[in-house]
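Two complexes are shown next, each including chain A; its partner changes from chain B in the first to chain C in the second.
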Partner chain A sequence: MRAMKTVPYFLAVLFAVVLGVTILSQAYGTGGISVSFTKVLGMTLCLCLAALAMDLVWGYCGILSLGHFAFFGLGGYMVGMWLMTARTEAVVRANMANNVIPPTEAEISQGTALQIFSVVGAEDWPWMWAVSDSLFLSLLLVVLIPGLLALVFGWLAFRSRVTGVYLSILTQAMTLALSLYLFQNDTGLRGNNGLSGLQNIPGVSAGQSYLSIWFFWASALALALGYVGSAWVVSGKFGNVVRGIRDDEQRVRFLGYSVEGYKLFVFVLSAVICGIAGALFYPQAGIINPDEIAPIASIYLAVWVAIGGRGRLYGAVIGAALVSLLSTYFTGGRAPDVNLGIFTIQWIDWWPVLLGLGFVLITLFAPNGIAGLFDKLVRK
Partner chain B sequence: MSALLEVNGVSVSFDGFKAINNLSFSIGEPEMRAVIGPNGAGKTTFMDIITGKTRPDEGEVLWGEENRSLLRMSEAQIAQAGVGRKFQRPTVFEDQSVRDNLMVALKKDRTPWAALTYRGSDADSARIEELATEIGLLDHLSTTAGILSHGQKQWLEIGMLLAQEPRLLLVDEPAAGMSTEEREHTTDILVNAAKTKAVVVVEHDMDFVRRLNCRVTVLHEGSVLAEGSLDHVMANQEVIDVYLGR
Partner chain C sequence: MMKRILLALAGVLLLCAVPSGLRAQTLQDILQEDPELVTDASRRTVGEVLERLVESELPNVPEFLSVWQDRELYFRESDGLFYYVEDPDADELTLIDIDTGEVAGTSGSREIDQLRPNRGVQTVIGSALVQFQLNADEPRVRRTALRAIDRDPEEEHLPLIRELLETEEDEDVRNAASALLTKLTIAFADSDEARVAAIDTLRGNISIEARAVLNPLLATRTEVAETMPEDANIARELEPGSDDLPLADAYEMLVAAELAPPLITDEERLDTLEANIVDGRVGGIPLAQLNTEAARERAYDALIASGAAEAGSTEAEIAEIVAGYAFYEEYRESSVAVTDAAESALASIEGSVALYNFLDLSLDALSLASIYFLAAIGLAITFGVMGVINMAHGEFIMLGAYTGFVVQSIVPNDTASIAIAIPLAFAVTFVAGVAMERLVIRWLYHRPLETLLATFGISIAIQQIVRQIFGTLSRPLSPPDWLAGSVEFNDVVSISSIRIAIFLLGVIFFVALWLILNKTRLGLEVRAVTQNPAMASAMGINPDRINMLTFGLGSGIAGVAGVAIGLFAQVVPDLGSNYIVQSFMTVVVGGVGNIFGTLAGAALIGFLQKGIEWMNPSNTLAAQTYMILFVILFIQFRPRGIIALRGRAAGD
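After this line comes the complex of A and B, so read on.
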């Protein structure tokens, strides 16, 4: 029940944040927050949602997946294909409008494909763009493709009883393989160029100041729904079984539960949540490329959850928000260098060291993360 | 009384070492049976085979009226068919309350969807309290299982077995590390269960076995050495050699 009790508090804090950001926004408020920072905040909420998914699978079910950013990235790619197609098509259509002979639909489609794929020396639509002209189908793929990959991967891994560090390595291999595949120029997703111009929403004439706050709201809504849904999932008997699997898989199995089935359920659910988070993240980032799903990204996701506190949904959110915002601060060039006379600390280089140190300290002195410390305070 | 479980000519080896060697065993329902034997005799491995944890190299394990083979079923399917197992080391869900431990074990639909939509009923609460009374943990329903004493954890695990409503209980060294009174309570629980179910108890302690007052199977080097009443098997020269010759 513990998780369900945190829901009202979480929603209240989230609502306060949304209200504050809206009041300070360019579009609806005083303009105290820049458009780009609004986007950073919106993206942070998406990362919090991904961390929530990570907490489900790791903190509650004990599966240390180090590949969940693959699902996040796939969600981004799925929505990115539609964004790029629709926007490029609009541009092509506008360019051809002045032609003496009005262009046929086939010509527009050809022109669009040429625009999109000439960077990788291609001019035809790859098969995986088959539904990129349909927003509805593309959004369906945001859920289906990460879910399907998780289903197939999880089925193979869990059925063979791969657990612990072996499973972690396997998930790293999965995300590495996917990113290497996407790096190829001929696989249809524009290789290392990735998909770009995603911040422009086709058919919407409002400027970025409006789009940024709308996406921020959407991200907050997704996080709120994700939180309530996750809390519901882990607070009932399902949560008892899943935590049982984390603590003693064998016991659960001999009680007659199909451990593999439960793991698969949680794995797929969390992959779908990550896919949705990614689909909201990349239109705010504006660009997605295969580097996003490099193995290190998924490791960061686990680090956030560890720092925030495993097995407490709000811990994952706190960890992701805190660390990713600090990371933006330190690597964004805004943190002042520290001059020690003979040596200058440049944060861009030293932030990973600081993060690593923080991670080690938390692991040693606060195994339940920031949320664990918080719990102690509340109980006193 | 027809057999509930029949194990025929089962063998299993680990890296060439025969842990179970052409073992046959059968138990009816209801029945209490004690399995004794020196360390390494293969008692735990025998339970591993019945519950699907270890697959034997040869032999058959037949279950129920229809003589279904357990060898092709997963651990979870075997448990659902009605085999409950208590491990040698007490294994309960340490960070969950006694109530939740029992609730998870209650005989219900085991699918993820059923667990997601489960709403406890009054009947379930009553059943949990009844079980808690039987294992002496009624006052500890809200206690986190991790802080229970060793003996209480053993009882909780037995309670979880009973909650499953199995037809066969396999209980591996339930009295290990218990005080004399705790042992007596454990005996009571098991004897009570054996009124309606088949119960197989592995135990080292002879006094404990004597109190169970049941047929005894002696295992040695993976095979059945003797079977019968405790006095009968303890009079067997081979059994004496095995036990005293150590």
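After this line comes the complex of A and C, so read on.
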């Protein structure tokens, strides 16, 4: 029940943030926040949503997945295919409009494919782009593909009772395999070039200042829905069973629950949430490539949740928002250098060191993360 | 007595007569017997003078022949003598006597003719020259001559080499000559039987030369006919539209053979349509309607009817036309017996080559397995035996490699520096490991997943610090000279020395660790502590000390592995992260808790990856992808790895 109680507070804070950003935005307000920073904030909300999904599997169900960014990236790729196709097709159509003889549909499709795939030396549509011309089907894939991957992988893994560290390493292997697969030029997703130009939404003539705030709203809405949904799932009887699995899987199994079924449900649900978060993230980032789903990204996701505080939905959100915003600040080159007289600390160089040591200190001294400290204060 | 005097007399006479007879003759003398044979040499007549020159057995004949062949021989009309010239480009030519080699005066370039034997004469001279060289006393010269023939074989060389083989005693020359004889026989022999016999001698010969001899025999050209010809030496029938013969290429052949009208490509049709726009219409069809295939066809047909366009086949029609003809590959070699023999010989060669390729692949796989083993063995102790998930393991490997780099930049001698680097890398990472265990890991033994996060933090911190110190550029770690080469067994199988060294290092590590864990007091205590720390400490073992030492040992081994890996990989700050996931997989696949498992895991992963690479050699990324997928599936069926511990040792 505890998770449900936090929902109003969370929604209130989130609403306040959205209101603040909107007032300061360039499109609808004073213009105090630049377009690129609005995008950063929107992307941060997506990362928070991914961290929420991570907390669901790890904090509540005890499955430390080190491959959740695979689902995040797949969501991005699915929506990216539509964005790229539609956008390129519009460009090709505009180019061909000047032709004396109007182009046939086949010619336009050919021209679009050539435009997209010439970078990897191909000119035909790969099979996986079959539905890329339909927004509806592409959005369906955002949910289906990560969900299906999680379903197959989870079913295999949970069925043979792979748990704990072994599962973590397997999920890591899964995301590594996926990124290596996507790195190949001939697998149909443009190899290490990835998909680009995603920030242009076809059919929308509004400028980036409007797009950025619209995506920020969409991300906030997704985060709000994700939070409410997750809170609802982890409350009540279902949530009790899931937490029971986390604490003692064997005992729950002996009580007659289908542990595998519960784990599989939570795993697939969180994968779907991650996919949606990715589908909102990459149009704001503008580009996606296989590097995004390298194992290290998923480890960072776990670290955000650990820093924020596992087993508390708001903890995951706090951790993701705090660490990713701080990282953006310190590696963005705007943080002032610290002059120690004989030695100048340049934040771009030293931030990773500080971050790494921060992980160590938090795991050692605040095992429940920032939210744990927060809880202690509230209880007193 | 009388007899003896007579014999002696005869001997003296002989001694005087024979050499004096030869000495009397110089090169110039022989040429002067009929100078026109040289000045106006033709392919038919040049044989005569060559015969005389060969018979004279003068030592400078080969030199003369090669000068003549190179068109650098001169003839002076005024005195009718032949000369060499020192520098043909000079204005005032310096003449050289062809017998003595001494300067014989100068001459303006107009008073003297350069002799330019034609191509046919050059060839004849060349073969005479080769004959000289083949008969030379020095084996080296004979070998050179053989090489010259090999580069530019002619039919005339065949008898020369047969002759040489009858008398040749030098092993090398003999081998080269008989290889060449086979090659020449295959190329020039008159009877198919002789050629087939020569081809058969190449069976199972895996050298590249043998394949280079056989492959041209099987060269083909693609032909088209209405029906398959009966008498041609046909390699195979081609199916138009298959990968071997795309439809467009097949149709192009028909057009070239004038069996079909030219192809009007879609692009050409579009151009024609565009060129025939009248009042916004083409062939009576408004422009705006030309955005479908059917409308364009109708418009084009209308243009043909009005004579504005040429009729031809469109891309849609060519499949039907092509289907009416037979396409085939025909051997350039006309003899069926020869191509059959060559094919079967090549097949037998391919068989042996495949076998050796398999051997070569196995060696590759073995060395890849040893790399994985080296990278993972430290982890086999810290993760496998102690259960600590050390994400900084890769960084210990990287620290080892950088230790090697630092030592090498101080100690210039490669051999010495590697000898110093190995124990030093062990010491550095041992200390780092012990420090990490004391400061961080020992507080987290009951929370394994959090160890993962803490050590991940340490790993990014170490990586960044190393990047600060050494920069992001790759640092060289050069192997000693005696490790630079490679061991070649034959044309197919070879392995670089450094890979052998890494394999040996892996073996040494394995044996040493097995001994430490199973035969020493320390090993006994390590096993006791990992199985049951409380009981072990009740027996008087200090678990803290043992944990510290074990973790140090695992880290130290990672450091030594780093030196080895640095010898062939790029030493960069993120060197370690390339190995960490693979290392964990190696340990997990092999089975946690014993080093035999790690060995088995490394072998499985190494051989698997090379095996997949062999099926799709162009793509190592795909090989890695499928290898990981296999590992994921494998874990489903053996969740505890290849070698699973049973009983109490398995723990929880």
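General observations
Throughout what follows, the second predicted complex is superposed on the first by the 375 of 380 C-alpha atoms of A that agree within 3 Å, B and C clash if a C-alpha of one lies under 4 Å from a C-alpha of the other, contacts with A are read in each partner's own complex, and residues count from 1 in each chain.
Just so we're on the same page, contacts are C-beta pairs under 8 Å (C-beta built on N, C-alpha and C of every residue); 3 or more make two chains touch, one makes a residue touch a chain.
Everything numeric in this text was worked out from a predicted model, so none of it was measured.
Legend: residue contacts after superposition of the two complexes on their common chain; A:Gly236 is shown touching chain B, with no touch to chain C.
Contacts of A:Ala173 after superposition on the shared chain: chain C is touched, whereas chain B is not.
When the two complexes are overlaid on their common chain A, residue A:Thr30 makes contact with neither chain B nor chain C. By the document's definition of touching, neither partner reaches A:Ser205: not chain B, not chain C. In the superposed model, A:Tyr262 lies in contact with chain B only, and not with chain C.
The partner that reaches more residues of chain A, of the two candidates chain B and chain C, is C.
When both complexes are overlaid on chain A, the residue A:Asn339 reaches neither chain B nor chain C.
No residue of chain A lies in contact with both chain B in one complex and chain C in the other. Of all residues in chain A, only 64, 100-106, 153, 156-157, 159-162, 164-166, 168-170, 172-174, 176-177, 180-181, 183-184, 186, 295-296, 299, 302-303, 306, 349-350, 352-353, 355-360, 363-364, 367 touch chain C in the complex they form. Within the complex, the chain C residues that touch chain A are 270, 273-274, 277, 282, 287-288, 290-293, 296, 387, 389, 391, 440, 443-444, 447-450, 452-454, 456-465, 467-468, 577, 581, 584-585, 588, 619, 621-622, 624-625, 628-629, 631-633, 635-637, 639.
Residue ranges of chain B in contact with chain A, taken from their complex: 51, 53, 74-77, 79-80, 84-85, 87, 91-96, 100, 103-105, 110-112, 115-118, 160, 164.
Chain A meets chain B in the complex at residues 233, 236-238, 240-241, 243-244, 247-248, 250-259, 261-262, 265.
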